[in-house]
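Following this line, the structures themselves.
Below are two complexes that have chain A in common, paired first with chain B and then with chain C.
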Partner chain A sequence: MTSWKRIGLKDFEFPKIVKYNKKYLSFEEGAKKEVSLNMVTDITSLPSPKIEDNFTGVGTEFILNVKKNYNAGIDLHIPKDLKIKEPIRLDFYLDEKNNHLVDFNNIYAKENSEITIVIDYKSIDNVEGFHNGFTNIFAEKGSVVNIIKLQRLNSKTLNFDSNFSRVESEAKVNFVSIELGSKLTGFNYTSILEEEKSYSNLSSIYLGDKEMKLDLEYTMIHKGIRSQSNIETRGALLDNARKVFRGNLDFKRGSRSSKGVELENVLLLSPTSKSDSIPALLCEEDNVEGEHAVSAGQIDKSKLFYIMSRGLSEKEAKKLIVESSFKPIIDKIPFEDLRSEINIDIERRLIHG
Partner chain B sequence: MGEHFFNINNLKVNIDDKEILKGVNLEVGKGETHIIMGPNGSGKSTLAYTLMGHPLYKVTNGEINLEGESLKDLSADKRAIKGMFLSFQYPEEVDGVTVEEFLRTAKTKTWGEMQRILPFKKLLKEKMEALEMDESYATRYLNLGFSGGEKKKNEILQMSILEPKIAILDETDSGLDVDAIRIVAQGVKKFKDKERSIVVITHYNKLLEYLAPDYIHILMDGKIIKTGGMELAKEIDENGYEEIRKKYLK
Partner chain C sequence: MKNKKTYIKDINRTIYDIKDKDNSIYKSQKGLTPEIIKEISSKKNEPKWMLDFRLKSLNIYNSKPMPEWAVDLSDLDMDDITTYIKPNTKQSHSWEDVPEEIKDTFERLGLPEAERKSLAGVGAQYDSEVVYHNIRKELVDQGIIYMDMDKALHEHEEIVKEYFMKLITPDDHKFAALHGAVWSGGSFVYVPKGVDVDIPLQSYFRLNAPGAGQFEHTLIIVEKGAKLHFIEGCSAPQYKVNNLHAGCVELFIKEDATLRYSTIENWSRNMYNLNTKRAIVEKNGTIEWVSGSFGSKVSMLYPMSILAGEGARSEFTGITFASKGQHLDTGTKVVHAAPRTTSTVNSKSISKNGGYAFYRGLLKVTKGAYDCKSTVSCESLMLDNDSKSDTLPIIVLNNDNIDIGHEAKIGRISDEAIFYLMSRGIDEQEAKAMIVRGFVEPITKELPLEYAIELNNLINIELEGTIG
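On to the complex of A and B.
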């Protein structure tokens, strides 16, 4: 049994994982000839890179659960110097017959390659579901990995997601996380900026409502000289939603002249919502720069009045402010259908919720 | 009373239990321009915010009527839909929403009909040209990084796009240089030519000469103490508010 105090998860027992039979690749396996893309069948026999042993994600038990019980996922290798412009999309949909998703994804970008992956986790009915995932990214020298995760699970579903990236010299990993659903979410992203000028970027938005609980932890571990990390999070909380945000910047010995920035901006749209933000800065080097700024508060009353004086109702004015805060991050999604579904979802919850 | 287009009847307003407006009366006919002048702290901005429905300003007595309908209990958005407009003294900055998107939404809401993209673009361009605003403002975020003068012009732009029945201009002339005043005044005049009513709240008389108002009112200590024509503005200019106070405030 597992307990998770911060988020109010007590005596949690992992469900017995059933098979996941839905098709989640939008194309036939092997159709993308240029890359090696396979369904994950056996984690233990995965070729390089090795999975980081010390990575605990949202919790050791959760990582173990994935390694033992994964029922979906991909193993993707992008060859050296190949830049793939067209994004790869995975649609993990949960429904009555496929209500357990335990996905393991391995993304290996070889030297100077480039790839964009969009992963959509979504409930298509109202059945209680369970998601536990582990995504492992390895970005070799000079490569660029853009990964966008969108989570729209229903309010009965538990959602756990652990994400790890190792970023080599002059490589870039841009991770976008959009958390809109679930009953309870535990999300972890840990990035190791391994070498000189490694670059790691995390942009996230969350919208919590009803009784939703969110625990979000982002960690940037700087090892390389002149490495640069950036965390930018924007959220809005309604009703009784609760959120804990932890952003960690960890400058290890050897990370001289590195820079890390973390920003969080949360709008509290109800007096009973609750937001905790815990930024942490750890330094083993002197010559590094770590910045953090957190702002949490209600929507400015004067701003609300100004917008309302132009004919927008209070709810519409709040929606406008939330949408405009989220827009730069939503605009990073390279699929119009997803962007528009997100906007409809936000509108529904802010106007009619 | 009731036959007037817009009237304020014995309006008393509190902020945090302190009475700021102590019985304001005002009648504005259709197409008329009124100027309300008064020294700092006389209640001018309180009047402007109260007319638009700011929730911090509590109406304890009196009525605000537009075309025979009471606005007193309506929220700001409902007043806007009825045809009220306030040009803010300090317009707010809204990040992430462009001037064009915002105004198209606002026009859709206040007019109750969807504004199609292309005709709206054309209308906006036309109105911006009249105010000598660069086209690039349309795609900039609302008031973000605008100078004081640009923000005021943007208020007048909003007024000319939304075409309210009555516009309250709160210190629209403050912070504007001579050229900007001229341009803004022209914008206001064009608006006025369409039989729209205007109430200009100011403590200077910069806009006055351009606007040729029908009435000038002096607001002092939470009441309108004197109503007249251009000669009142001249009197304030020459003698200052202290003399006015001695002469008219009993």
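On to the complex of A and C.
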């Protein structure tokens, strides 16, 4: 596991996974009948879609660990042409008795269907938790899958999350990742833009503080012609937080007229924070447009000065700037309670942290 | 809509590909043993510390594995590479004394012409040994030392001992160790305090013997407040066997000093170019790299700037042109190790005809290096669909008081741009060439005139082809 060198995960051993017995699914009973929504019981017997064999996520051993030891998750199939407006919500809340979560989620959106899924991971304070997840998305022709993952586990919890999507012709997968918690996070999202006009979008924000470590990897693999991908990441680092960003745009031969954009913007708010960025552009096709840009630095001093001249303290001014940078992404969460909880959390950490 | 494309012929390398008969008086055996090292060292009549250094490096070389993280080196059989070849000639100071054959080669490459165009000094290396070296008298009077490394080792042993392979140590990587063991020839430049060398110094390396390795060592020391522009050119004829170039360039830029180091590398397409270049810049000093990579089969080349003193500056301007059968893995490394240091990286790459251009870069800001600024920009142009172009910049920031920007773009020549130019009466081929010339213009303008012309010619030759 070479990639872990950068955030210093050493000699990691998997814990013996205990059961996760809490209820985590909330979805309107009536709508449930239209879709096929089951708790995951056996990955190997899932009818479709096939799980991509080559997908290694945050690491082969982590995927294997999920396949062997999963203790929660859903298997969701949305029938053809069905557009479900009401979002499906999964709330995972780790506590003393349920401190291990290994979730496998399978989302299969059939032709022209539409679905939104919100998954919230949190834990009560002082519990040493472990989360290892694998989410597999298959978006058939013309379908739309919106998935929002919200991670605010406590500072004693290790968090690993592998996510994969296969996007067919004119289908859209919008993935939102909000990383606010954990002691150490390894996150991977890989999307294959398989066919003509496949569209894949990843928006993420992260806030690192104290001794937090984050390794975030986003990969867009363009295979289809006129496919489009977009990676946009915004983050802020406080205290001794350490972050690695890896963004990969991979244009395979045959992905003519495709477009990929990759942007990362990180605000460094402490002299002891550490930030690595590795934005890669891989290209086998001449007729594509690929672009990446990374910017890093402190908050613009004149901006800060302006806000402070209006009577705000430096901390408040910094908070305002970070919040305004995060807001467009937080606003994508379709639940008011989650949005306000996140805002309170960010405020607390920036002002009192 | 069907996209029309211009198909572009391969480069005409005729003048580079002329082989001379291998007339060397001494050739070390193929492969590498302590005996060979001892023999090279004794042939060169070297001091003992150098022999010890070579043997130590050989040990390190043998203990390190082949690097596997970038290019495919499996075709490179080190036992097939001859490490030392002494051409049948003594070093000359007058062009007339250089043997006809070697002279012919350099004439074809335009070397003496360059000198006639008043370059300050010229050194030429043929296989492992320097065959021709000249420096203008007024520069000598100012105290500038410009000679080949072997000679410097004897005449300025103390300086050489102080700096030689201190910046790039044999422990760095396998080919640095190999270099330490078998290095031969190269240039040594010493510019004393406050001296401004206003015309460039130049050296040319040529590898002629088949299956040979060239391991020249360039050591440049620019003292406080001094200024220098150094130009390096490389070429070799085409043989069926693989050749290896593993040179080392060590540049020491002292306080307030400025060094511009320009390279046009056009090795033949059987060359493994595994070169290491590094500069250390002290307070308010400046290093400017201008780097053009056109030739070789495989290149791994990442000139590195260590900004060690407050206010030090580095600038990298590079172009890589990968064509058929070439895998050019190039880039640059910048380490900001002191406050208020600034760096600019401007890299362009073009790939065509199945060529593979890879930009690999590192930008690192250390903990105490506050108020640093850096801008990195990479652009890639693919001229057809058989080629590959990758960009992998690594940015490591260990401090918050900095301002870092990075951007990269990849793409092709847009049909609209060509259409526009053609609507103005320019034919398609010329339109393409114009766009490519425009693309590399930021680099050409950094080069001395004769090199800029050479680069433009090179591009024109590359782009001459049929339209399909």
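By our rule, the second predicted complex is superposed on the first by the 345 of 353 C-alpha atoms of A that agree within 3 Å, B and C clash if a C-alpha of one lies under 4 Å from a C-alpha of the other, contacts with A are read in each partner's own complex, and residues count from 1 in each chain.
Note that a contact is a pair of C-beta atoms (placed from the backbone, for glycine too) under 8 Å apart; a residue touches a chain by one contact, two chains touch by 3 or more.
On a predicted model such as this, the values are computed, not experimentally measured, just so you know.
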Clash or fit: what happens to chain B and chain C when chain A is overlaid?
fit
Looking at the overlay, what does A:40 touch: chain B (first), chain C (second), both, or neither?
neither
Quick one: is A:275 in contact with chain B, with chain C, with both, or with neither? Answer first, second, both or neither.
second
According to the stated criteria, A:290 is in contact with first (chain B), second (chain C), both, or neither; which is it?
second
With the two complexes superposed on chain A, say which partner A:308 touches: chain B (first), chain C (second), both, or neither.
first
Using the superposed model, determine the angle chain B, chain A, chain C defined by their C-alpha centres, to the nearest 10 degrees.
80
Pick one for A:253: touches chain B only (first), chain C only (second), both, or neither.
second
Comparing chain B against chain C, which has contacts with more of the residues in chain A?
C
Could you say whether A:298 touches chain B, chain C, both of them, or neither, answering first, second, both or neither?
second
Looking at A:25, would you say it contacts chain B, chain C, both, or neither? Reply first, second, both or neither.
neither
Chain B versus chain C - smallest C-alpha distance in the overlay, whole Å:
14
Pick out the shared contact residues on chain A: the ones touching chain B in one complex and chain C in the other.
none
Hey, which residues of chain C end up touching chain A in the complex?
3, 367, 370, 380, 382-385, 387-412
Spell out the residues on chain A that touch chain B in their complex, using ranges where they run on.
300-303, 305-314, 316-317, 320-321, 323-325, 327-328
What does chain B use to touch chain A in their complex?
52-56, 75-77, 79-81, 85-86, 88, 91-92, 94-97, 102, 105-106, 109-110, 158, 162
Across the complex, what residues on chain A touch chain C?
237, 251, 253, 256, 268-298
